[in-house]
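Below is one structure; the comments refer to it alone.
Chains: A, B, C, D and E, in written order; residue numbering restarts at 1 for each.
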């Protein structure tokens, strides 16, 4: 099977600080790939490189057969790469509904948008997604007045509605309660039926529960890859990341 | 909004019903005073308003005009040309003034010109300017080029030297003036060693002063306007150039401007005008005394102030002669009218609607006053198109 | 919605009928203010909706006005060289003046030139992701460049004096009240068209993209929109409005000079919109009319100290009416709505309602 | 110690907290639990003073602080780690830390306090001269906690302090929380989503739903499973 | 050769003036984010204060006239600072969360201040006679370096140095920067943001006053002088890069040198056009100025 995403020897420098040093990563369709690693390992930076926010100084990023290493952000998105940021980034002045409407999969050209009408299906899709993320009751509210967790949900919703082929999630369950984590996890697996997902997460219970394949990063490099069990056995991972207690679980 | 429009509509409607042709109903007659009271030009123009108001007061004190009191309507042109046009229109159409006294910059005059022509109004413009104009609805009481610049250049060539450096603000008056000066230099054997223009409001002259130093001219002919003069002269002095090294002849620096620069800084430099506060006539003694008494003893009079002042009196004389405030009649009557102005007798030239004036060259003293070095003796006939100067033939 | 719609139509009807209840002078002022209102709508689009504060719209207004004025100048020169060129020592009409003998060329370039300039500048500026105050001040630099050039190139532009003293347009005398009233009506029609068009833009999804750009431009990118395209489009559109305003301004006022395209007028344009309420189109229109009426009123009645009143007005609006005059109406409506709407749950209806107008 | 009495608070258009009363004691960890959007952050912001309550009273060490601005509450010994970190992004890590000293009115030896902090969060020492905004999410969170600790508060408000922090450091921070509570007799209000985590260090808990307290009690006397119901939908 | 030296000196001299008018703005705009259109009028206040001090000296202490400038400097600073402080207390304070509104309000303030100056001091310019010991200049290799220019150069360098130290090396400066970055969080760390805001704005305004004082040596003093400098001052700050003093310094001297050079080889008008066109072009290349503070945050 062809990978959805292929990172080859991706490196990033920030004024001499090597945030990524030759990262290789392959993600296959329908895969849910967890990305873990100590704070500052470079996980967010890697996602940034994939979605075009940060430019790699070396290496290549391929999305299917497209070389997206140097593509402008919006073109990458149009190819089908969606990204949820670590801190919620939604449009505060627009209502929840309007946020969803903008995120709809659509022709994002100027003239298409000028003519755009909300079709019945679009409306149904939005309503369905809103219900799924439990924000239907808030549809008319300004997104800025949602609580932190609700904003997280809204942003996830906005990614869902794009029906992407690759979904990048940076700590999607931060600030969610246990039940909600559960639901998010299920949601992610549901999504994975149609697309590949890369998730950065620090909650080990969550990772354990929902992961198949986990990639561990450390100091800008991939430390190891494997199932959660494999990884828990890795001394180095325990030392730099999990800590003794986690291992014991 | 519709409420606001409606209410203004109501008062307009009232106006419309009682509307007659002019404002001379009752026992007052309105005249407009339109100068910049705010913005960059206010530094010069506010004094003109004061002078005009004083003249109006004089006329009213001596019984008014044709049995009516003159009522001035003051408007602010705000140093903005479209505003001048708008206010002129307002004065003529709404207030029905019989005459407007106003303007300083040529741009403001050009903006008012179509308005007064279309509404058949009367504008009295009191400042020296670049000539090449003679509107049937404007009277020009400031000097035109042959009453200021042309004689000054001749005098300089005779008395100070041949090498001229031209410095001016980048707008119509200096550019036109310099074009004339260049033609005159060619005709009278002068030499042009440099010509520079700076944007209005320019305040750093170090580079230009370096150029002046390099060119070593005998004379800098200065047509800078407004605040730039302050910067130029202060910095010229700092650069160690005194009036002995290079004489600067200015056409826009009068007593009022000197006050804002400091007489020390300017001492020894020259200016050409038709009037100085120090001009020795009996009329001037009275005028200066009155002006200071009215506006404060630290105030000074100068050429544009005088021209604004006697403009009101000239108009009054013309009205008296016409026996009417009607614009056409006043215009007709104005030809040849004389008035003993503080700077000497002035006379209206009916053909060009400019005034005959005496030309004076003065040297600036540390106390901010002028010492007259030369004058033309008799009033010179205005010639805005320089028709009587052969070298000026191909200027237009 | 319908009630609001009624108010709009009433407002424009009142404008239409103005020649019947205003004197010639007041009508000419109102005509001028309506030109300003056109600019204000454009600024509301870019500032209120998209978050781009331009301090340089005087340039687009000025260019439009100059193009029209060139035609008028040539028409009133009757084949001779325009007067200011004669004084400036130009002996032949410069080549780029020639096309402006044709009214259609003049009018179309009055729109096209400013729009091209706006598109050119904004394309590079937005592509290079210059935004916020950087953009505002950069647009101010553009003003300085153009004003200085227009003043410096006196022989081509009339310098500080600008272009003035026109007599006719298409053979009709500009000074006749009849011509002025026709021009006024054309202005009202254009304003109405601009208003309707802008309103259509803002209530569409396009309008929401603009607001999203204002909220967070980078986030918009990650939804697959290219903000540059959108920003260049609205910016150029607002330049077109300003240019149109310039054309009508010259026809009605009979004068254009660099002072009208300078820094101060450019800032004032923004002030009108702020006074009216920046994210409200009708607010912008009302702001332009009210601010300029206030300016006229204060300066006519208190020529010596009117700046104090005007300054006070700006401060007062900012302090007490953060959303401008339109904000007053909206908060009034909201308070009323809150009283009435307590009963039904928020969000129970997903019908589209669009914020602001 | 800290006593929030019948507080009603919210934002311009909406009331979020209604008639909420809670207490927090010195030397104890008080956990505040609840689903998303129930008003936990609003409560914390009311305590620190970023939101003015519409009704009710907040007392700290038997003094009414309801109408004091945040800075004065902080100087009275209340420390705050906000949700979302709120690092000064263009200031260096060092400057961010130094700002922590603003809360202290008495003279202290900064070097000693900083040394303790570096021991706790070694990564911060490495990044001392980097801009706060350039740090990774977890690094910023550590910085935010460190910054609050520097002020040596007597009451520490922690709004989801573990968000985005790697597991080994989560354990560390939890230990720190317990330690300063017990050893330095600091009162701690901890907003936390993970029931496990909260119960592993808290003494007392409050559970919120829709802006009111729906359950409260001692951790030692409560069965975790009993309260799960409040946290699920 | 002497031409080159003169022009370079002129460039630095122009740069020093630009820097002076921009220092205060670097604080109020660059750091605090207030688009202070009344900055020019604060300069004006400084200039008028210098005039007032001179008048007082002329009246009461004509024998020590030479030293009036040393009194004028602090007076200009403190009066402008006080005005800025009041402005912040009454007006700006309400506008921190609406930065672009500050443009509108301060524009109103500038209109009012101009009108007040016109009412108090009259519409025409007033004259300040520079102290005699600043007359003349040193002559080195045939080139005259006027004392006033040198004085301003030294004065501005000292001012910027003092400001730099204050902002980066003192807790007070750190507080200012923290407050301007995140007002709420700063107050939650125990900083009293109101005080800090007012002080910072007062300091920025005070520097505007100093600039006004220095400008009396070279230029006009009238109600509208502020309008001549305001645009240049903003250009210097954005060219240098918002939020960094060193950028402001580079921006000022850069503009000074380049525009003097261009003025020498073309004309003042063309130099102005080209200078502004260059600034526009330069920002295309470096959108956040010569020295920029970027972080990875999304916006």
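The definition used in the following text is that a residue touches a chain if its C-beta (ideal position, glycine included) is under 8 Å from a C-beta of that chain, and two chains touch if they have at least 3 such contacts.
Remember, predicted model here, so these are calculated numbers, not experimental data.
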item	value
Furthest chain, CA centroid comparison against chain E	A
Most remote chain, CA-based centroid, reference being chain D	B
Between chain B and chain D, centroid-to-centroid distance (C-alpha), Å	74
Length of the line joining the C-alpha centres of chain C and chain D, rounded to whole Å	51
Distance from the mean Cα position of chain E to that of chain C, given in whole angstrom	32
For chain B paired with chain C, centre-to-centre distance based on mean C-alpha positions, whole Å	35
Junction residues of chain D - those touching two or more other chains	134
Multi-partner residues of chain B (each touching 2 or more other chains)	37-38, 170, 197, 199
Chain C, residues touching no fewer than two other chains	148, 151-152, 216, 218-219, 264, 307
Chain E - residues contacting chain D, complex	171, 174-175, 177-178, 181-182, 184-193, 243, 293, 295-297
Residue ranges of chain E touching chain C (in the complex, touch as defined)	29, 35, 37, 91, 94-95, 98-101, 103-105, 107-112, 114-116, 119, 227, 231, 234-235, 238, 242, 267, 269-270, 272-273, 276-277, 279-280, 283-285, 287-289, 298-299
Chain D-facing residues of chain A, complex	14, 17, 37-41, 43-44, 86-87, 134, 145-150, 152-153, 170-171, 174-180, 202-205, 240-243, 245-246
Chain E-facing residues of chain C, complex	47, 53, 121, 124-125, 128-130, 133-134, 136-138, 140-142, 144-145, 148-149, 151-152, 216-219, 263-264, 267, 270-271, 274, 305, 307-308, 310-315, 317-319, 322
Contacting residues of chain B [partner chain E, same complex]	37-40, 42-47, 170, 196-199, 201-204, 206-208, 210-211, 214, 227, 229-231, 234-235, 237-240, 256-257, 259-262, 264-265
